[in-house]
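One structure below.
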Amino acid sequence: MSHILEVKDLTLHYLTRFGQKIHAVTDVSFTMKQGEILGIAGESGCGKSTLVNGLMGLFIPPLYPTSGDVLVSGESLMNRTTKDIRTNILSQKVSMIPQGAFNALNPTRKIKDIAADVMAAHSENKSGNKREIYERLRERFDLFGMETDRILNSYPIQLTAGERQRSVIGISTLLNPKVVIADEPTSALDVTTQKVVIKMIFDLLEKNIFSTMIFITHELPLLRHVAHNIAIMYAGEFVECGTAVQVVHDPRHPYTKALMGAMLSADANQKNKKPTTIEGAPPSLAKKIEGCRFAERCPSARPECRNKNQNLRMVGERLVRCDYAE
Amino acid sequence: MRNNIVFSAKNISKFFGHGKKLVCAVDDISFDIADGEIVSIVGGSGCGKSVLAKIMLGLYAPDRGTFLYKGKPIVDTRDHWNEVQSVFQDPFGCFNQFFSIRTQLKDAFGILKNKPSKQEIEQRVDEALLAVNVKPSDIEGKYPFELSGGQMQRMLLARIFALKPKVLIADEPTSMVDACVRANILDYLMKLKESLGMTIVFVTHDIGLAYYVSDRIFIMHESKIVETGKPEEVTQHPKSAHTIRLLEDIPDINREWIKK
Amino acid sequence: MFKLLKNLIKEPMFVIGSVLFLTTILAGLFGPFLYVSMPEGATYEAPSATYLLGTDNLGQDYVALLLKGLQNSLYVGFMAGIIATTVGTLIGLFGGFKGGIVDDILNMFTNLFIVIPSFVVLVLVSASWPEGRSLTLIAVLIGLTTWPWTARSVRAQAASLRGRDHISLARINGATNLEIIFKHILPYLASYVFMVFIMQVASGILSESAISMIGLGPIGEGSTSLGVILNTAKNNSAITDGYWWGIFPAAIVITMIVFALYLLNNSMEGVFNPRLRK
Amino acid sequence: MFKKYPTVRYVLQRAIWYFLTFLVALSLNFFLPRLGSDPVDIMMAQSSFSSPEIRKQTEENLRKEFGLLVLDKQDSIVRDTVRSIVIDTVVNVVADTVIDEQGNVTLDSLGNVVVSERNETVINKHEKIEINAVKASKFSQLINYIGQVFQGDLGTSFKNQKKVSEIIAQALPWTIALQLPAILFGWIFGNGLGALAAYRRGVFDKVIFPLALLMSSIPFFVFGMVLVYFFGVVWDIFPAVGAYSLELTPGFSLDFILSIGYHYILPFFSIFLILAGGQAIGMRSMGIYELGTDYIKYAKWLGLKESRVLVYLFRNAMLPQLTGLALSIGQMVGGALITEMIFSYPGLGMAMLTAIQTNDYPVIQGVTLLITTSVLLANFTVDILIALLDPRVKQSLSMDAK
């Protein structure tokens, strides 16, 4: 069993209070080996965060799995009670670094207490005495290049945004999870702090605190440097999956091309490059959409695009969900 | 290029709070902005760039130093707003949810001293909507919560096309908008400059956008302007340590960022 | 905004609340005129065919008494609610919007009066008016002692709106301060102020019944209220003598009104406060 | 001052603020009863006196009690003598018999002496000396009153000449014994229920929420009456009057204490259940609000035990509930006092009721002052508690101090 994470045609939907069914994620499939980093990019409302809940087995109403399977080192997360997921999977097998770290930490508890709670939840503190637990935490937090004692003994409000983000990463990876899912961990930070946090993540990978990661963000240039492979998500579907270099430097799906075309960076040979733009906004996922979901906004759309379902196929050694991409 | 000075600031500072909680948002800043120029102010969150923008707009008055618009300090804000207008960051927060978009676009004319006639206002609003590629029928009777972020940002720009002010302060108009629509906003800014000779101050945290759209760039850090210059100068051979670090830290697809 | 109202109508709590409340208002408004009171009978006659709800210590027909009492209680509740909400909203709005020193002073003033129990003020003032304590006087007293609750919440809301972009946009559209307050702040607060108003009406009715229970309620011809009815029943030891019809009808009516108002408030809070919508 | 200890500095600041509020409450407590007619006049009008002297004497004592008179150092009434000349014309009728020239008395036809009447006005002047106490100005009355209060002298009751402080001292223990536990346990029980309802949301919430909402809309005293009727009258399980059965002599005998316990049940539950309902509603909406916060979601994503997440939820949602409790304790105490009246429980409620019925102003003023002081103390303690419990508040304090 070489794959640490296998996702087979995962389809998720929300059931709103008034019985409306929203197909947030449709037919997502990918596999990850030990030590691999997968980047998932997409704009707001494309279903990234919904996918995260699916990958952690957290199907809490109003989110329901329609079909498909998620296997973490061979163990399926489907139709299991939340209690079972909570005690056996979360923080141990699959762990998550949340988006806004700013208020992800309980404001009325010290960092060391939150960390101790995590250990207690997964019966990692058999010894139970505070001294030993504190030593274990100090040893782990020393890796993060911050004044460990100050951080561990302060409340979240007493820390800077960067320190809070690193503490969250420390807590999420405390029990050496097999797969770590980072949901836009640095989007709220300024560029310099972002670099410090990413460096810390690479440090942890080197010291193999954890080895396999899914990094979710809408900043493609960042993914170029962080991820081995990148999957572009649009309206609940993967539209292009390939290596970081392929997707960023040689995009094939019209949506990826548009994303890369809209990038503006501050270097000379880009001065007169006209940024490409696309009108409109992603379709609402309330109704089942026939054909390609990007059709109305696609610059090279054809009449058939609107009614023929597109499936992922190999184009230029990567998967593209468009019959006319070359 | 007519180089009469539009904005000139001499050692202006702005503080908030009092006593021990005193915070310096703008610290001893001086600059000049010429007519018809697009100047970008680039800096991270909390560096004071928005406060500076609000000073130029006349919403805040500097606590120290002098700030002149066309050689005169801002005394009557209503006069000032006849010529200096603004676009804000949050497209959804900019419009009042209880009035239709068209009514709010027409309200904009309330600031003009010599208020045009009813027909002329209607006509100028229609012209402005076409200038931002929106058919008037698209927004007929629509309310702000019925449109997307990108469309709402366009409405803010349409307001500027309609009012035709001399100066536009664009306070982070792109940061709450998706990437593909972001470039449109920049094109409209340039269109305002070419077609109406408008002076534009573009405030952003993304130096890439500033590089693309502006004639000059001010880099701001901790309430001070640490570097000014043409886009090529500032990005190819930056002088201040902060700018160098800033350019290094931006993940660029064509250059090494972190040793993996 | 209209979408929210559509959701509100679907809320079961809102429906039950509004139905309950409307029935009490209709009974309160038209009851006393429509209902022909039975002639006086013996004291504390048990409910019978003639006296549907029995008679009180003076032999009066309880149904007529209750309807009149309901009308007066609602009158005091609404009057107190209106006074408290207007005074509170003005102070809160003005303080929250103006900010700076004005806000601090008004805030200090509000915090001063929110701590001093309104019950104490009511007792002291009513005690100093042994005669001539009319319904309106009591309503005004309740209104003037419960406004800090409105001021406190409206101020917080107004202060949070002050920094919004749509206020800056209104400013550079040349809107005057008044225009900004009434066109750009008040609409955003409308649903909130209405919810606070509902709570003030409920507390007005409760305060009136509390005051009447200790004998400081309204006096004078026709100024009976639900609290007065309960008080007379207590003073004539109706409970211990087992005359349940002296207590239960009035008790049920008060509880029904307040329960209906709380239902309305909770259902609106669920709809208008997104965080609670789950 | 105290730069280094922000919390101590905050405590002092709050202490000063609450002292100021206490002074305002004191002046309110003084002026409000005087808004309408003068309380002493009301009291005087109510009772008859054997002679004007006694009436004047009682009125003067009352005025002195009420701090309405100027007192000299020895605390005796400063009197000023007002000399005024009073001219009163008295018309008295003088009757003379009519005498004819020969000096004989004329008789009328029936032989009676004919009398002629003429009025004679007699003007007598006499000096009226009025010795009455000098009325103190409103402001000096206030200062006088505040001075008295701080000496613990709340004046004497008009009805039974007992010291008000004595009456209160007698009633207070009963009220504290009833209300403190009822409010405290009601708060804890209600908030616990509310947090569970917010967290469980399922059937538990569907049942608890409407029930709690109904309970919170019944006024304390109404529920008291309902309990009295069912438990006291119909089933007669629990006594419905007084704090102990009157045949027993108060003392520490077992059956006396048992009787107190027995009488305690109905009043306690009439406050406890209603208060718990109100708190449950408040905590439920606070709980739902907290459930939506990022740190609770993160706690769940970390796989924390459900009980631990519930502790997080309760711990943080409790803080605003504490403030809510402090602010609404004024109404609560008011309502609870009336409940005492239903059970004629010998607490402050009964003292207040009898005082109101007999217009015994000193007692009314004393009781209301005590309620306000206890409410201010409660608010002060909660302010300090929150400053200690909530690091976010502590942080903003230390920023002030830095």
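We call the chains A, B, C and D, going by the order they appear; numbering starts again at 1 in every chain.
Criterion: a contact is a pair of C-beta atoms (placed from the backbone, for glycine too) under 8 Å apart; a residue touches a chain by one contact, two chains touch by 3 or more.
Quick caveat: nothing in here was measured; it's all calculated off a predicted structure.
Trainee: What chain is most central when centres are computed from CA atoms?
Mentor: Closest chain centre to the overall C-alpha centroid: C.
Trainee: By raw count of C-beta pairs in contact, what's the busiest chain pair here?
Mentor: Per-pair contact counts point to C-D as the maximum.
Trainee: On a C-alpha centroid basis, what's the spacing between chain C and chain D, in Å?
Mentor: Chain centres of chain C and chain D, defined by C-alpha means, are spaced 23 Å apart.
Trainee: Roughly how many whole angstrom separate the Cα centroids of chain B and chain D?
Mentor: 61
Trainee: I'd like to verify one number: the distance from the centre of chain A to the centre of chain B, where each centre is the average of its C-alpha atoms, in whole angstrom.
Mentor: 33
Trainee: In whole angstrom, how far does the Cα centroid of chain B sit from the Cα centroid of chain C?
Mentor: The separation of the two C-alpha centroids amounts to 49 Å.
Trainee: Residues of chain A that touch two or more other chains: which are they?
Mentor: none
Trainee: Within the complex, which stretch of chain C touches chain B?
Mentor: Going by the criterion above, the answer is residues 1, 164-166, 168-175, 183-184, 187-188.
Trainee: Touching chain B in the complex: which residues of chain A?
Mentor: These residues of chain A touch chain B: 43-44, 190-192, 194-195, 198-199, 202, 218-222, 224-225, 248-249, 258-259, 262-268, 270-271, 275-279, 281.
Trainee: Using the touch definition up top, name the residues of chain B that touch chain C in the complex.
Mentor: Residues 54, 57, 59, 77-78, 81, 85-86, 88-90, 93-98, 107-108, 110-111 of chain B touch chain C in their complex.
Trainee: Residue numbers of chain D touching chain A in their complex, please.
Mentor: Within the complex, chain D contacts chain A at residues 293-295, 297-306, 308, 312, 315-316, 319, 389-392, 395.
Trainee: If we count contacts the way the header does, which residues on chain A are in touch with chain D in the complex?
Mentor: The contact residues of chain A facing chain D are 56, 58, 83, 85-87, 89-92, 95-96, 98, 100, 102-109, 117-118, 120-122, 155, 157-158, 168, 171-172.
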